[in-house]
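Each of the next two complexes has subunit A plus one other chain: subunit B in the first, subunit C in the second.
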Partner chain A sequence: MADFIIDDIVDITDVVCPTTFVKAKVALEELDDGQILSVKMNDGEPVQNVPRSIKEEGHQILKLIDNEDGTYNLIVKKVGD
Partner chain B sequence: MAFTNEQLERYSRHIILKEVGAKGQKKLLNAKVLIIGAGGLGSPVALYLAAAGVGTIGIADADDVDLSNLQRQVIHTTKDVGTPKVESAKKTMEEINPDVKVITYHTFVTSENILDLIKDYDFIIDGTDNFPAKFLINDACVMAKKPFSHAGIIRFQGQLMTYVPGKGPCYRCVFRNPPPKDAVPTCKQAGVIGAMGGVIGSLQAMEAIKYILGQGNLLTGYLLTYNALKMEFRKVKLPSNTDNCPICGKHPTITKLIDYEQAECDGVHL
Partner chain C sequence: MAVDYATLKKGGFMRQKQKNNFSLRLRVVGGNLTAKQLAKIAEVSDKYGDGYVHLTSRQSVEIPFIKLDDIEEVKNTLAEGDVEPGVCGPRVRTITACQGQAVCPSGCIDTYALAKELDDRYFAMELPHKFKFGITGCQNNCLKSEENDLGIKGGIKVDWRESDCIGCGVCVKACRQNAITLKDGKITVDKSKCNFCGRCFKACPTDAWDTVHGYIVSFGGLFGNSINKGETIIPFIEDKEKLMRICDAAIKFFADNAKPSERFKFTIDRVGKEKFEEKILEAYNG
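Here is the complex of A and B:
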C-alpha cells in the first residue's frame, strides 16, 4: 500500500559528503511544490546527515525505508518553490 | 542542463547556499562577463569568475606580460613574461576550471571597437588603469544599456562603484570629465601596493556574481573607497538625480564615443 506517489528518484550512493546533500538538493530544486522525491542513500554518515539537512531547508520528510542492503530510501515532499 | 557529479562536487559550496542553489549555479554557467584589462584588477576578477563557473568570460588587453606586472597581476607567472596577457590569463583560467569558455581580445579598447566588444556580454568589468578608458567604458555601457563595475587603484587606495542602467548614477555623473593630462599620476609613476588589486578586484568579482544571481544589494548609487594605511572603508552615497548628466541624463549632450588623449606615460594596466 503506497501512501504517496513518487515523482522523481535520485541516487546519492555514488557520491560522498557534502556532495550527497548537494545532489539531493539539486534534485529537489527540479521539482514543484508538493511533489515527492525518493533519495537512495548509504547507511552511516549520509543517513545521519542528509535527512536533517533536507529538513533544515524546509522540506517534509515522509518516510525512511530500510532497503536491508546497506541503503535507505528517504521519501521527501518538496515544500516551496 | 543537468549537473555531472563532478560539477556537483566542484560547485558544492555554492549550491549549498540558499541564495545560489542549483538555479543560481546554472545562471552563473550561462552568464557572460567581459573583463577589460588583464592586470592588477582584472587578474583576481578573472580568477574568481573562472573558479565560480561563469560560463563565458571575455578578456580584452593589448599588452604583453612584463616582469614589473608580476608584483600584483596574480594570474600571470614568471614564465609568461613577454607573452600576451590575454593568452596567459586564458591558460590559467582554463586550468582552474575547464567548464569556462574564455574568449580573448588582444587589442586596445577604443571608440571604434568597444560597442562591438560589449554587445554580447551581460556584465562588464572595468579593470583599466587610465581615465580615457574609464570614460570610454562608462559611455559605451550607458549607450548600450550594459551594467558594469568601475574600479581604480593607486598607492594604498582603491575605489569602486557599480552602474546598472536606470538604477542610479553612472561614472560620468560623479566624475564629469577626465582630469587634465598628467594631473593625476598613473600607477607606473605613483606605485600601487600589489594586494590592492586583490581587495578591489575581488569586490568587482563579487558585484558581477551578485548581479548574475540577482541576490543582495549592489554598489549602485554608492562609491566604496578603501584606504589600506588607515584601514578604512567608506561607502559614500552618490547624488540620485542623474537628469543633468551629459551621457545618462534626460538630454544627453554626448551622443558619440570619445577617445580622450592619454597621458604620455600611460599604457600599463594596473
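Here is the complex of A and C:
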C-alpha cells in the first residue's frame, strides 16, 4: 500500500465547508512541489467535494483511504507552487 | 385614440396600476447583460422612468414608470445600447439560464450558447398561452428547470476507462447516488442509479471516464396558480440536434393542440400523455 511517503498531515475533520478546502489548500501551500500531503476528512460532504476542489487546483490525487471510522485520508501530491 | 394594450404587452410594456405608466420588460437572454446594455438601461430608467429597475423572477429587467407618450423614444434610445423590449402574453417567453459550463465548475453544458440558440429560434413565437424555457447546467439545478414548460438540464453520461484509472476511490465517494463500487481495482457503475450528474468524472484525478455531455429534458412544469413538476420522457439526450428536434416537436404539439390560455401541462393531460410521448419519441428517433 505504501507506494508513497507522506511529508505532511492535515486534519480537516474539525472544520466545515468551505473551511475544509481552505485548510487543505493552506497546508498544500506550505509544501514543496512533489511533496505529499495526507488530508484527513469526514465522510459525507467533505469527502464528496474536497477531492474535486483539490483536483481543480491542479494537484495530483493519489489515493483515498477509508479509515473505517467515518473518516478518510486523501493522499495528494503537490503540483506547482 | 384607444390604447392597444395587447400590442403594447406583446412588446413588453406591462400596464401599471398608475394610469398611462408602463413597466417595460426588456429582452434578456440566459440572464446575461453587457456593460453597454446596463449603462443604457440605467440612462433610460433615469430619464424616462423613476430611476430604478426591477429584476423579474425570470431573469428579465423591467423599467417601471415609462410614460405612454415616451414609448417610441424609449425604444429608440434603448436600441442605441443594443437593448430591445422583451415579451409578455401568449408566446415564448424569456429563455432563462444559469451560468453553465462556460463559467461554473459544476456546469455540464454551455447553457448560455443554448439559450441564445433557443432565443434565436423561438423568441416571441405566438402560441395559445405563455411558454417558458429554462436551462440549468447540472443536477444542482440552480435554474430550477422542472418549473418550466420545457426545462433543460445538463448532464454527463459516463463510461469507466480502465486504462487510466489509478483505483484511488475518489469517484465512489463523489457519487451521491451510491452508483459506483470499487472492487479489486475495478469500477462498476450501476446505470439504474446514475443521474448523469458527472461528479465522478469531475472529481477523478486522471479523468478516467469516457463522457458524453447531453441534456435531460422535462415537460409541463408550472409554478404559478397551479404547481407541477415537469416530467422527463427520455432519460438522456446525447446531442443538440436531437434536442432541437424535441423542442420543435413540443412546441408544435402545444401550438396544434392547446386551447387559448391553457398551459402546456394541461394540454398534455387533456390530449393524453401517451400521444405526447409518441410525438417526442418520434422526434428523438428522427
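To be clear about the criterion, the second predicted complex is superposed on the first by the 80 of 81 C-alpha atoms of A that agree within 3 Å, B and C clash if a C-alpha of one lies under 4 Å from a C-alpha of the other, contacts with A are read in each partner's own complex, and residues count from 1 in each chain.
FYI, a residue touches a chain if its C-beta (ideal position, glycine included) is under 8 Å from a C-beta of that chain, and two chains touch if they have at least 3 such contacts.
All values reported here derive from a predicted model rather than from experimental measurement.
Student: Please determine, from the superposition on subunit A, whether subunit B and subunit C clash or fit.
Tutor: Once both complexes are aligned on subunit A, subunit B and subunit C fit side by side.
Student: In the superposed arrangement, does A:P51 touch subunit B (first), subunit C (second), both or neither?
Tutor: second
Student: Touching A:I61, do we find subunit B (first), subunit C (second), both, or neither?
Tutor: second
Student: Put simply, what angle do subunit B and subunit C open at subunit A, by C-alpha centres, to the nearest 10°?
Tutor: About 70 degrees, rounded to the nearest 10.
Student: Quick one: subunit B or subunit C, who's touching more of subunit A?
Tutor: It is C that touches the greater number of subunit A residues.
Student: Just subunit B (first), just subunit C (second), both, or neither: which does A:T19 touch?
Tutor: In the superposed model, A:T19 contacts subunit B only, not subunit C.
Student: Upon superposition of the two complexes, what minimum C-alpha distance (Å) separates subunit B from subunit C?
Tutor: 7
Student: Mind pulling up the subunit A residues that touch subunit C in the complex?
Tutor: Checking each residue of subunit A against subunit C gives 43, 47-49, 51-52, 55-56, 60-64, 66, 72, 74.
Student: If you look only at subunit C, which of its residues touch subunit A in the complex?
Tutor: 105, 166, 168-170, 172-174, 176, 199, 202-205
Student: How about subunit A: which of its residues touch subunit B in the complex?
Tutor: 14-15, 18-19, 21-23, 25-26, 29-30, 57
Student: Within their complex, state which residues of subunit B touch subunit A.
Tutor: So the residues of subunit B in touch with subunit A come to 3, 5, 8-9, 11-12, 15-16, 18, 21-23.
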